[in-house]
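Two complexes are shown next, each including chain A; its partner changes from chain B in the first to chain C in the second.
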Partner chain A sequence: MLRVARLIAAKDLRIELRSRVVTNQVLPFAAIVMVMFAFAFNTDSVVQKVAPGLVWLATLFSLLTLVQRSFAVETADGATDALRGAGVDPAGIFLGKAIALAAQLAVLELVLLFTAVVLYSAEFRLSGLVLLVTTFVAATCGLALVGTLYGGLAAGVRGRETLLPLLLLPVVAPVLIGATRATEAALGTGGAVVADGWSWVGLLTVFVALFGVGGTLAFGPLIEE
Partner chain B sequence: METVVHLSNAVAVLGRFPVLAGVDLEVAKGEIVLLQGPNGAGKTSLLRLCAGLLPLVRGEAIVLGCDLMTDRDGVRKRVGLLGHANGLYADLTVTENVRFWGSTVGASVAEVDAAMQRMGLAKRLAKVPVNRLSAGQRRRTALACLVARRAELWLLDEPHAGLDANGRDELDTTLREATNAGATIIVASHELERAGALATRLVEVVGGQTRERSL
Partner chain C sequence: MPVTDNAVTDNRTPGDLSGSDITGAFKSGTGTRFTRLLGIATIASMALLIVFGLFVSPADVIQGESVRILYIHVGTVWVAYLAFSVTALASAAFLWKRTTSLIWDRIAGASAEVGVLFMALTLFAGALWGRLAWGKFWVWDARVTTTAFLFITYIGYLAVRGLGGSHHQRGRRSAVVALLAVLEIPLVHFSVKLWRGLHQDSSVTDTTKVKLHDQMLFSLFIAVIAFTLLYSWLVIHRQRVMAMQDALDDKGLDYALQQRRDEGDG
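So, the complex of A and B:
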């Protein structure tokens, strides 16, 4: 399973390096969303206060594009069918695609966080660094796992472009809430303290475990006929 | 002669619709069997059943020694199905595609190189991205992937579709070489003249059932 996961992840990341969809399309899209938020909230104090939530909202919107892209490369020339036909371990496919998606999300989130600090004057404090890193790792894993699972579910369905947001966004609500609260605690937004954030990291960890195990088991039957 | 495919009264359904209604088929190692019949007759379903992609509902089906009722995964690893799509990644080069599919069965670099050599892809086309290839070159790349995957039974659905005269000739040569190297091939095609010249046997598929015909 791990050998297949490594193979799929390497293939997906190589395709991304060649096509540069993340760098040329998803990153600019996410940056534009951040700028639009700044226009919409027009007051510095408000933007500063909601900056963590805006970072994660922009991440979720970009996640939809990344997931669509991740499965578009599989379905374009029937590769999903070929993978099933070749008896490639579906659990390995699931983990491999989730790893590649997590790597792309990580780059995206770094850019978004940097944009929030520059654009929204969000404060960054060293005491919250461990919490901030842990939150980003846990939330990224959670989003990548659930994105891959639902991407696989929607990939073979007609109208998948509109179906995916409908399925995915309600499911990732716990990640949005948990990651936003933990990031607020890490950055000290609105007087929050670092200790407040760890319980939210706990929620994110449970989410990761749930979708990690569930996705690994369910992905095979999901992509079967 | 070693039997590669043995189907006896095999029944398969797609959703609630019966697509194969008691199929009988025997294919020996090294044969090229042509499946012919009208659209919707069950040719593609028969190929997908042999590939382990369509579940067997009733009857007996043994492919490469694996019982399709109990061991579909065992069949999948040893069979190569090439349908209307090629299963290639457009942004990757020919070599990267063949290497990827070879790696799914743990093929060595030498095996991948040999597969590309056999399909005439080793030199000029090796580093070309698949999205810049012609339809015939894509087909050859897909076949190289089957070789690299060590597929023992090739199941080809309309393999000549979309190819020009040169591409068709190249494909026929490739298929003959593959059988000489030990592969067994089942081809579903509407083109009796072209595929008939290639085949060793003709099987007609009508209404989800098979009938042996003379070439």
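So, the complex of A and C:
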């Protein structure tokens, strides 16, 4: 299963490296969302205060496009059918696609965080670095797992573009809440202290564990036809 | 292409379900003696609820007449949670190999539809009551927010049911989504609770700590009974309508196949 996962992940990342869809389309999209937030909230002090939330909100919007992209690759030319026909373990496909998605999300989040520091003058402090890294790892894993699960469900059906946000956004709400609060604590936004952030990391970890197990079990029945 | 009578060996139309096993019991509709009795009991208990809720039970000392909204609110929210629990259990039964049957899929679907309807009524009645009791339609209380998430989640579930494909495909797909919702909802509830906990206390419990008057309690009890009966009646009928729709789909397919075959023979 892990070997299959590694192969699938490597394949997905190779496709993304060569096609450059993520770097040429998704990253600029995320950047323009960040600029739009600044237009919508107008004053500097407001965007500085809500910067962590905006980073995660922009991540969620970009997640939707990344997931669509991840499964558009599979449904074109009936690639999923071929994988299934070849008797590839669905759990391996699930983990592999989730790993590839997590890698792309991690790059995206770093860019968004950097944008927030530059554009919104978000505070940044070294004392919260451990918490910040842990939060980003946990939230990225959570988003990648859930994104892959619901992406697999919506893949290959009519109206998937509109169905995916409806299914995915309610499920990732705990990640938005948890990651935002933990990031605020790590960065010290609005005087938050680092110690407050760890309970949120706990929530994110529970999320990852539940959807990791649940997704591995559920993905097979979802993509079977 | 026009089809002449003698070209069709099976001259039943797609709408004719007379030969079907599933619908054998309900040729003249979805009602049976049991559902008719259930329907009468529902109407009777609803009438009782109107009498007790609007006339017999007193107005609240603090909330005044607005307390009567709660008889609707509590009844519908109870049904909504009951409906979503039934959906989860029926979905599990469908996925479990030893009990797998499309009837569980249809019960899950019918129950979710009724649940979404009652959840909408709950949110509506709750917002009206909230405006009168707290001065605003919406509060970011953990329970209220979770309820809204349940509502959206099951709208998504119904959308998944409508995706098409074979009946079994629909059943498996929607059953998995229903079970994932069982994972999601406690997480949402817990995270919203943690989120609110760090900011302010919920304001819901403040006004409801008053000891309930006996007649109010009895009205609430009738409301729960009446809405549960209504729920059962709706789900039984909806489930039977779904069975007929499924049978109609199968029949329509057989009919179309037969037509093609006859064209080939002719």
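Please note the rule applied: the second predicted complex is superposed on the first by the 225 of 225 C-alpha atoms of A that agree within 3 Å, B and C clash if a C-alpha of one lies under 4 Å from a C-alpha of the other, contacts with A are read in each partner's own complex, and residues count from 1 in each chain.
Everything below uses one rule, namely that contacts are C-beta pairs under 8 Å (C-beta built on N, C-alpha and C of every residue); 3 or more make two chains touch, one makes a residue touch a chain.
Note that the coordinates shown come from a computational prediction; the quantities given were computed from them, not determined experimentally.
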Which partner reaches more residues of chain A (counting touched residues only), chain B or chain C:
C
In the superposed arrangement, does A:R84 touch chain B (first), chain C (second), both or neither?
first
A:V117 in the overlay: touching chain B, chain C, both, or neither? Say first, second, both or neither.
neither
Between chain B (first) and chain C (second), which does A:V137 come into contact with in this model arrangement: first, second, both, or neither?
neither
Have a look at where A:L7 lands relative to chain B and chain C in the superposition and call it first, second, both or neither.
first
Which superposed partner A:S199 touches (first chain B, second chain C, both, neither)
second
Counting only touches as set out at the top, which of chain B and chain C does A:A31 meet: first, second, both, neither?
neither
Kindly list the residues of chain A that each of chain B and chain C touches, one partner per complex.
225
What residues on chain C touch chain A, complex-wise?
95, 149, 152-153, 155-156, 159-160, 163-165, 169, 172-173, 176-177, 179-180, 183-184, 187-188, 190-192, 194-195, 198
Which of the residues in chain A come into contact with chain B in the complex?
3-4, 7, 11, 14-15, 18-19, 73, 76-79, 81-88, 225
What residues on chain A touch chain C, complex-wise?
149, 153, 157-159, 163, 166-167, 170-171, 173-174, 177-178, 181, 196, 199-200, 203, 206-207, 210-211, 214, 218, 221-222, 224-225
Provide the residue numbers of chain B that touch chain A in the complex, in ascending order.
14, 51-55, 73-77, 79-81, 83-92, 96, 100-101, 103-106, 129, 149
